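Before anything else, here is the set of structures, which you'll find just below.
Look at the two complexes coming up: subunit A is in both, with subunit B in one and subunit C in the other.
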Partner chain A sequence: MPKDRLTEVLERYEAVIGLEIHTEITASNTKMFCGCPVAFGGEPNTRVCPVCLGLPGALPVPNEAAIEWTVLAGLATECDIALWSQFHRKQYFYPDMPKDYQISQYDLPFCSGGFVDVEVDGDGVGERLDLGGALPFVGPEAVAEDGGYRTRIGITRIHLEEDTGKMVHVGGSEGRIAGATHSLVDFNRAGTPLMELVTEPDIRTPEEARRFAQKLRAIWLALGVSDCNMEEGSMRVDANVSVRLRGSAELGVKSEVKNMNSFKSLHDAIAYEIVRHAEVLDSGGVVVQETRHWDAGAKRTSGLRSKEEAHDYRYFPEPDMVPFTFDPARVAELADRLPELPDARRDRYMADYGLPKRDASLLADDRETGCYFEEAVGLVGDTDARQIANWMLGDLAALLNAEGIAIGQARVTAAMLAELVGLVEDGTISGKQAKEVFAEAARTGDAPGAIVEDRGMRQVSDAGAIEAVVQGVLDAHPDEVATYRGGKTGLLGFFVGQVMREMRGQGNPAVVNEVVRRLLG
Partner chain B sequence: MSAIDLSVLTARQVRDGVASGTFSAREVADAAYARIEAVDDDVHAFLELSQDLAYEAADRVDAMRAAGDELPPLAGVPAGIKDNMNLVGTHTTCSSRMLEGYESVYDCTAVRRLIDAGALPIGKCNMDEFAFGSSTENSAFGPTRNPWDLERVPGGSSGGSAACVAAGMTSISLGSDTGGSIRQPGALTGTVALKPTYGRVSRYGVVAFGSSLDQIGPFGKSVDDVALALEAIAGADPMDATSAPEPVGRYTQALDLGAEGLRVGIVRDMLDLEGCAAEVRASVDMAAETFAALGAEVGEVDLPATRHGLAAYYIIGPAEASSNLARFDGIRYGHRVPDAADVIDLYTRSRAEGFGPESIRRIMLGTYALSAGYYDAYYGQAQKARTRIIEDFRAAFERFDVLLTPTTPGVAFHFGEKSDPYTMYLNDVYTIPVNLAGNCAVSVPSGLCSGSGMPIGLQIIADHFAEETLLRAAAAFEEATAFEPVPPLARIPK
Partner chain C sequence: MAITESDVRHVAMLARLALSDDQVRTLTAELSAVLGHIDELQRLDLEGVEPTAHPLAMTDRMRADVVVPGLSRAEALKNAPETDGTAFIVPAITGAGEES
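Coming up: the complex of A and B.
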């Protein structure tokens, strides 16, 4: 969908967007109500027991660690922590749900009333058309010259529940239920602790939704609560989207979009829905309240079923567990356990190392990246922090991207990068040589110092040695020397290049430059 | 062999006989199965016999004795297990077509503890389907008959567990009590029947009916026997989050403390309920006199909120049951129609065929009570009534150590006599409030009805986790009345 189509629609309509984000607490080694291990995949129905299979007579026993993780997640997103809460049963029949009810939370979630501030800059700024002019008293706050802004997204609640199993439909196309002859069900995932976060409908653009989800992922990663793997489904983002004419106070009919397994899909699916709603309304139709499925290949959403069943979940308090009480001291104790969160880390990188905001954010948003950065800086010294950042956001990022690996799996460790930067700083090798050394280290995992030794790449900075080479070059090119001395000083680079070639790239560029200039002068 | 007459011997006598070498545990098992062979065609207390498990347990006990080891407290004591409790090596059907042929894949904690204490698991006992009923007439596999009169019901839902003890097929048995399902059949069969405090015994492995009400408890021929069994099965269980951490009492040692100084309250307004047989009412007053004669301080108390007990119970119980029984959907186990067109068809027909009429009635009641728009009027109101009942009991236990009521309004009735559900539900009017409040209570035999010759039960109720006081009072009463009910069927072995 062309971007200007979205902009055109947003000129007339305001989008109202809320997100529901399910995150598996992968930090918990065991399931929510039994001792089965939590892991992705595996042979079907091998990580199950009477409890998570819902066998007759089995009872749930709550996983205290998962509850603590949820409280930590709430504390990290400015939520109030309920001092008294309980689980409820959410009842509906579905084959992937062993008990035919899900143990979830209803009116007494562990966390409620929080917020996350997101900052929008770059391309996404253009989607927010109501930012210019007088800002409302409460609303987006301009934070950058380019129109970048910060906006606060309210968090209604975070509650804890158990995940369902997984259905595999056999005989239909692409595993969909339509046309399937039968279905298989795998309960390995059933009972995995699942946090559900619901936002207020405070989001106005697809980009804000994307930034919120990215920010939330960064916070969850900083806490270590989940691996937040959207492709494997450990973080799942659903969006409720409606539009209304600008100036209208009444909310439009919403659709719920599911199956976005990347941040880009989240953005694109919401943009698609906004335009779809607008087109329905423009043509005099009414938006149907329904659940829709995002097809990333076709870049469109489609209704899951023509007739929505109105569910009555018959919530009631889970009688197999006693209610939970937290005393304020315990909440304070958990708050003390909160690690540094991405925004604070970013601000510290900007203040302590003078990094530009964009670089600081990129390093701070991922916990492992931040740890790598800090480890390297710790070895090489604060003054070289910018060099470390440049390497990480340049060559290292490109490498990770090309290999599709996480920073923790990179062959070039933080210690190796620190060593490499040190070799450049003390003049042992040139910046150009450093790129070669990095590439070699990334290929072999050898230490930069060893690579430099093995290849004899040690940079020559001795002016006397360089002078001899320069003199040789000048002697070999009398015509060019005359032309230079005649005023064509642009030939300097030619001489430097010749010298470097003679020195197989090992001449210290600064010294070579200085010597060439002097001998020509 | 002939030395072992389980209709006469108490569990403690069996255990002592095994310990002293008078007979072996294997011989006890032989005696139990011989007795079953003789009388269970008539009584139908058992759905399944577990000889392999029983003889395995007996051999373990005999080997311990041969080795000179100290024997566990229930060594060689034959026990019946209600068929809603899982035990590997047996089926757990809950007397339902829905679970016909369902093999247990893990052990119920209470059953495991009983066996670990040396008991012999003789077999699985008949019950009302999923514990819905008060007569065992709702079993999909045929009713159990009362050993006192085969034309009468043994009560329910734990009718098989009561009958197997009353008829001398086992010394003790385990039942489960959601609204009276242990105490009511205890009263109707002349056995001692204990519902412990909610949380006293783990519920792990008993198929849930009303999760906030269910409690496993023992049947026996004496107060001492149920105290022995309770010591074996009580205590916190990491598999049940509602099991209580309170330390387990020395119940058997509390029994000879007598009733002197005990504060005993007759629940006058419950006694005066319409529909309570005059002779039953009189038996409670006589019991009070007995306590007074033993030196207890006897008084009277009213529990006005308990008049809402039946109504509250028939909202909360079915609401929880409708949810607990959802898992019987034909997907993973249990009855499943072979020719379902789609998943909805599979659910609806499998459940309609698998569940009996009373189960369907309770599921529908509970589903309705929890539905949007009705929740506050039904479930919410019922919880308020429950809170008031809890408060009534709390206030009463500030004044009294134990309370007395009848266990049931009348004696065992004839098959088919209570054909409309409401009349049947009324049979539990005295027992239900105790489940709603979570207290412990025991039914002890208090006499025989002069007309029918059927046993009458006295319900003694105590505060939460006051089982020592409860059983002390029951033992004092038992000793004073010297009433040893032996049903005709037991007296005249075939």
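Coming up: the complex of A and C.
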């Protein structure tokens, strides 16, 4: 969809967006209510027991670690922790849920009433047309110097529940339900601890939704509660979208969009829905309250064609489990376990290493990336932090992208990158040579120092040795020397190039420049 | 509070119960009697009384996050009406969408 179409719609309509974000607690060793291991994939139905298969008589016993993770998640997002909470049963029928009810939480979730501050900058700023709007901005710095802004997104609640199994539909096209003859059910995932976070309808643009989800992922990663892999489904974001005419206080009818497995999809699906709602209203129609699926290939949403009966889950307290209590001292104890969160880490990188905000955010938002950065800087020294950052956001990021791997799997380790930067800083090799060494290290996993030795790449900085080469070059080009001395100083580059060629690129560029200049002068 | 036959049919549908007309009539009377009893309870003055969350007066029963052996796949699939040897086979799904 053309971006200006969204902007045009947003000039007349205000979008009201809330997110529901499910995150599997992959940090947990075991499932929510039984001792089966938590993992991704594997042979179907090999991590199951009577509890997660919903066999008659099996009794759930809650996993204390999963509850603590949920409380930590709540503390990291400024939630209040319930001093008294319990599980409820949510009744509905679906083959991936063998008990025919899901153990979830209803009116007494573990966490409620939090918030996350989201900063929007760059292209996405344009989606927000009324910065003076009704949202409570944080402080007078709401509109930042770079045209960005900050907005506070309320968190209604975070509750804990059990994930469902997985289904593969057979006989239809591309594994879809439509046209399928039967389905295969795998209960390996069933019972995995699943946090559901619900936001207030505080989000006004697709970009704010994307930034919120990214920020939340960064916080979860900093906590270590989940691997937050959207493609594997350990983090799943659904959006409730409605629009209303600007100035109207009444909420429009909402649709719920599912099946976005990337941040880009999240943004695009919401943008699509906003425009779709506006078009329905513009043509005099009525928006139908329904669940819609995002098709990332076709870049559109479609209704599920299910009969949309009002859901009636008949929640009641889970009789198989007794309630949970938290006293303030226990909450404080858990709060002490909170690690440094992404915003604090970013601010520290900016203050301690003088990194620009964008670079600092990129390094701080992923825990592994931040650890890699700090390990490398620790080895090479604070003054070279910027060099480390440049390598990480440049050559290393390109490498990870090309190979589709995480930073922890990179053959160039933090120690190797530190060594490489050290070799440049002490003048052993030039920046240009360093690029070659990096590429070689990325290919072979060899240490930069060893590569430099093997290839005889040592940079020559010795002025005496360089002088000899420069003299040779000047002797071989008497005409150019005369022209230079006649005033055509632009020829300097020519001489430097000749010297570097003679030295097979190993001359220290600064020293070569200086010597050429001196001998010509 | 009396309930109607249509309430009973609705609840039966939600619970996927197929009831005959006779059963609907019987259950309407019986469930109305149950709800009548609840009505009586609701007339009690319970100001300041904590709701009972559970008949057992205990809280915080949890387990450590330690893996324990479960069932083998053969055991897990043993009683299933239909399997392909690795997964449970269920009929094609129509109607309501997926939840989580």
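What we mean here is this: the second predicted complex is superposed on the first by the 508 of 521 C-alpha atoms of A that agree within 3 Å, B and C clash if a C-alpha of one lies under 4 Å from a C-alpha of the other, contacts with A are read in each partner's own complex, and residues count from 1 in each chain.
The definition used in the following text is that contacts are C-beta pairs under 8 Å (C-beta built on N, C-alpha and C of every residue); 3 or more make two chains touch, one makes a residue touch a chain.
In this text, all values refer to a predicted model and were calculated from it rather than measured experimentally.
> Which partner chains sit in contact with A:P319 here, subunit B, subunit C, both or neither? Use first/second/both/neither.
both
> In the superposed arrangement, which partner chain does A:Q102 touch: subunit B (first), subunit C (second), both, or neither?
A:Q102 sits against subunit C, while subunit B stays out of touch.
> One more residue to check, A:F93. First (subunit B), second (subunit C), both or neither?
both
> Counting only touches as set out at the top, which of subunit B and subunit C does A:L184 meet: first, second, both, neither?
Touch partner of A:L184: subunit C, not subunit B.
> Decide which partner touches more residues of subunit A, taking subunit B and subunit C as the two options.
C
> One more residue to check, A:N29. First (subunit B), second (subunit C), both or neither?
A:N29 sits against subunit C, while subunit B stays out of touch.
> Look at A:P50 in the shared chain and tell me whether it touches subunit B only, subunit C only, both, or neither; answer first, second, both or neither.
Both: A:P50 reaches subunit B and subunit C.
> Between subunit B (first) and subunit C (second), which does A:V61 come into contact with in this model arrangement: first, second, both, or neither?
In the superposition, A:V61 contacts both subunit B and subunit C.
> Shared contact residues on subunit A for subunit B and subunit C?
The overlap between the subunit B and subunit C interfaces on subunit A comprises residues 50, 53, 61-62, 91, 93, 95, 183, 185, 312, 314, 319, 321-322.
> List the residues on subunit B that touch subunit A in their complex, please.
84-86, 92, 94, 99, 102, 105-106, 108, 203-208, 210-212, 238-242, 319-320, 323, 326-329, 331-333, 343, 347, 367, 370-372, 375, 379
> Mind listing the subunit C positions that touch subunit A in their complex?
Listed in rising order, the residues are 10, 14-16, 53-54, 56, 58-71, 73, 76-77, 84, 86-93, 95-100.
> Provide the residue numbers of subunit A that touch subunit B in the complex, in ascending order.
50, 53-62, 89, 91, 93, 95, 98-101, 183, 185, 312, 314-316, 319-322
> Would you pull the subunit A residues touching subunit C in the complex into a rising list?
22, 28-30, 34-37, 43-50, 52-53, 61-67, 84, 86, 91-97, 102, 163-164, 167-169, 171, 177, 180-187, 194, 236, 291, 304, 306-307, 309, 312, 314, 317, 319, 321-325
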